[in-house]
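One structure below.
Labels run A, B, C and D following the written order; every chain starts at residue 1.
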Amino acid sequence: MPIRIDASFAFELDQPTDVLLQFEAAPLPEQSILSADTRIGKTMHQARVAAQDGIGERIWLRGEGRFDIEYTALVDVNRQTVDLPTVPALEPHLLPGEAVQYLLDSRFCPADRFQSFVQSEFGGTTGGARVEAIRAWIAHHLSYVPGASGPHTDASDTFIGRQGICRDYAHLLVTLARASTIPARYVACYAPGVDPPDFHAVAEVFLADPEHEDGGTWQIVDATGMADPVKTVKIGVGRDAADVSFLTSFGPNRFISSNVGVSEA
Amino acid sequence: MPIRIDASFAFELDQPTDVLLQFEAAPLPEQSILSADTRIGKTMHQARVAAQDGIGERIWLRGEGRFDIEYTALVDVNRQTVDLPTVPALEPHLLPGEAVQYLLDSRFCPADRFQSFVQSEFGGTTGGARVEAIRAWIAHHLSYVPGASGPHTDASDTFIGRQGICRDYAHLLVTLARASTIPARYVACYAPGVDPPDFHAVAEVFLADPEHEDGGTWQIVDATGMADPVKTVKIGVGRDAADVSFLTSFGPNRFISSNVGVSEA
Amino acid sequence: MPIRIDASFAFELDQPTDVLLQFEAAPLPEQSILSADTRIGKTMHQARVAAQDGIGERIWLRGEGRFDIEYTALVDVNRQTVDLPTVPALEPHLLPGEAVQYLLDSRFCPADRFQSFVQSEFGGTTGGARVEAIRAWIAHHLSYVPGASGPHTDASDTFIGRQGICRDYAHLLVTLARASTIPARYVACYAPGVDPPDFHAVAEVFLADPEHEDGGTWQIVDATGMADPVKTVKIGVGRDAADVSFLTSFGPNRFISSNVGVSEA
Amino acid sequence: MPIRIDASFAFELDQPTDVLLQFEAAPLPEQSILSADTRIGKTMHQARVAAQDGIGERIWLRGEGRFDIEYTALVDVNRQTVDLPTVPALEPHLLPGEAVQYLLDSRFCPADRFQSFVQSEFGGTTGGARVEAIRAWIAHHLSYVPGASGPHTDASDTFIGRQGICRDYAHLLVTLARASTIPARYVACYAPGVDPPDFHAVAEVFLADPEHEDGGTWQIVDATGMADPVKTVKIGVGRDAADVSFLTSFGPNRFISSNVGVSEA
């Protein structure tokens, strides 16, 4: 499934500032970068490092003044999906070491506060069926309201306020999955069908791999219902949005605008 | 410097529960495990996986009833220290990829909220001198008060309340370092001199390596002033205490007691 | 209904400190103080002032050292109750001025965060039927767990954690009523049947008075189900627990113990 | 000192909604309303009730559609001021009952969290000198940055973030005064010199009355330094901004704009 991405964003730095960017499609077995073009402009320094879990790259940039970032890419996605409710959990003692961090609390996902809630609300389910129950609960109880949340909104705020955008839906799903002892991470991505078009975010949960005994696989879940996993292009992953924002500034910055277009090519 | 550790703790699980433990000294170039003995008791499952950044191990345990964990070890510590105020920062674009996560917000360390504070309070300093200024500020403004904080206390709470224990001191130092664009992580450890004797925690910051151009090293900083880095035995590291608690329970548990003795052998 | 109260509590002040106490049954049309005895001990100053809404008294005490407060009383309660689900709301523009503050957010009752939740969960109900729906929701979703909450726990924490004591039940009911545009206040009280026996707290909501057109009355609601309104002895009222704690200390204090006995005489 | 006020604001209600407004200058001994004109437009209901502490009025409005509120007034202010640093505190046991609530925690002023901070930072001062020290501390450590805070920002957030507007300055001053056992309330007001021109907010503290033994008076303090107490026109008072917002909506509303002009006539 070839997906075409046209993304741009602009911001201004009043003084020399370090900025971390992550906005490019990650090369992965399940998604091939057919072509890509990134334009960043003149900077004082620039460097690329591997991003979280080795998925995609983070770009360090140091500069001053206005930046207009432009990115276009054509990506071929070949992601296998599963029938979520039928996939069993992987018991914790079988989890690979690198998945364990995704059971633990993070900045926007204070999972331990929700242990009683998930037990009473979803107590009869486990594994993929639990995740599916969480997804359905979020889809039913939340309203997609741009502007209802901000950069400091965490999953607790969203659970109370019942409104948010993709970031908030993903944080709440990650939180309730971790509270259920299911590893879950946050995925920044591009996906056709996101309305209004924008950078998107979904969750991934780690469940048993139907094809490998005692093995596990990450499965995309989008509680907003807007992204189809088989057409979703991953940018990067993290504990939550703090790890994989498209723009993290280590000093004041003025964000000007962004424009994202994603379509089936 | 040989260090002797005698630690024990007990807890009770009313129903079969998954528990994650991390309490053993980590084998590292700078600390050799001369001898060690771990007793956990009868469990339904047990498994060991590499812990965060490959430092030490996490133990998965599933069981029910009372557990009495006992651990003794003799560890030889040969840690080199630096004269902190003289060590320069490593510019962000030179940071290795795996250090970048330690600049980002985590559950108990909401660093981005403190960018204005560190700029106005410590604005004239950088690198090791900045870290030293932060350490001195914390040592001056906080009081060590057991019972003043709890498992949900984050660095914001401590910054306001001005009281806490080693965990809170370490969280605040990590937070203010990250807000200064200096990677910082949380270190669970054993150290002689901790009063009252207990599991201890310190911070580590990533600064330029005086001996390798463009390289960096982690340096221990203890704002409580109780632990000497050359005598400190690391258990593990993480973004904050959520990653490296000696006991993380995925379900209700009743903590009974702990007893920790650490001495120079 | 004569109710006998025997209450005592002790605390220690390491230095001269101002303390505000409120623990005596309030004389009210609906509850007559048949006899009462209060023993406070030696203080540097002592003063009594009318408490919130003129219900009961607050006692100022300044002193140092150990205090053992003892209070016994015999109170005759003649409270009329209503069939809550049948009582209509009083429209906001008919509310007396002094009731309006009980619609607004307070320290432990951030009601405006819950406007979406109450609308989607209880949208088909108004007035007393809304309050009854809220009470039933809380009774169903919360577990009474001493120790699960503390002095900083607010209604948001309780809504997430699903556990608490009488204080937390009352805060959540007050919060959800205010979010429904129904004035609600917090009531400190004594009541037989509270288990374990302790100072108790319930909520009061302001609804239309079935007997006076365009008038309103306060009605007790206890989401814990432990207190019977016709046997409940009010101490005082407030926006939330911050206003009507039995002990508010303006400086450090060490709480030693309390003992409360309430019975039908 | 005659002060001229021209204020207007507009908002839209998509469905019939109850709204509480408070924006008119309060008639008080220290400020005479020479003339005033209020235009609200067509509503389903309208009612006026006395506001908090009997200062000014709250207006209930129920309606649907767009509202354009216009208010003009000419007010003669004759407020006596004191030399703040010389005014002693009124000891708590001498406080009138109605002032006691202003020592207690409220939604945006969690004062008890700051008891250690005020003791260590301002420990050598009392009464008006303490308030003056708090005012100077806030003026020095905070930056006036429109947009840095929002409707959920409380004094803890401001203490950490070190940025805000008049509302945030007033909340922090109120909080630190209460933590110092000095009653403090939040005052919505109009004042010439506010830049950019807008609804303004200051704090009031209750100190000994230099002219009446054992009596107390409220004194205006503006940590932003923009308002002169002798030219400040009070709208109303409350525990904090939750009590005296110019617009409190009990349901969704879309705020459109406001325009405030205040000048010496």
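Everything that follows uses one rule, which is that a residue touches a chain if its C-beta (ideal position, glycine included) is under 8 Å from a C-beta of that chain, and two chains touch if they have at least 3 such contacts.
Here the structure is a predicted model, which is why all the values come from computation and not from measurement.
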Min route length, chain touch network, chain A to chain D, equals 2
Joint neighbours (chain A and chain C) are none
Across the interface between the identical copies chain A and chain B, with over half of residue numbers shared counting as same and under half as different, the residues used are same
When contact pairs are matched by residue number, over half of those of A-C recur among B-D, A-B or C-D in B-D
Larger contact count among C-D and B-D belongs to C-D
Whole-Å distance, C-alpha centre of chain B to that of chain D, is 44
Dist(centroid_CA(chain C), centroid_CA(chain D)) in Å evaluates to 28
Multi-partner residues in chain C (2 or more other chains touched) are 113
Contact graph of the chains (line, ring, star, complete, other): ring
All chain pairs satisfying the touch rule are A-B, A-C, B-D, C-D
The chain D residues in contact with chain B across the complex are 113-114, 116-117, 120, 141, 143, 156-157, 159-163
Per the touch rule, the chain A residues reaching chain B in their complex are 18, 20, 45-47, 49-52, 58, 60-62, 91-97, 100-101, 103-107, 109-110, 113, 115, 152, 181, 239, 242-243, 248, 250-252
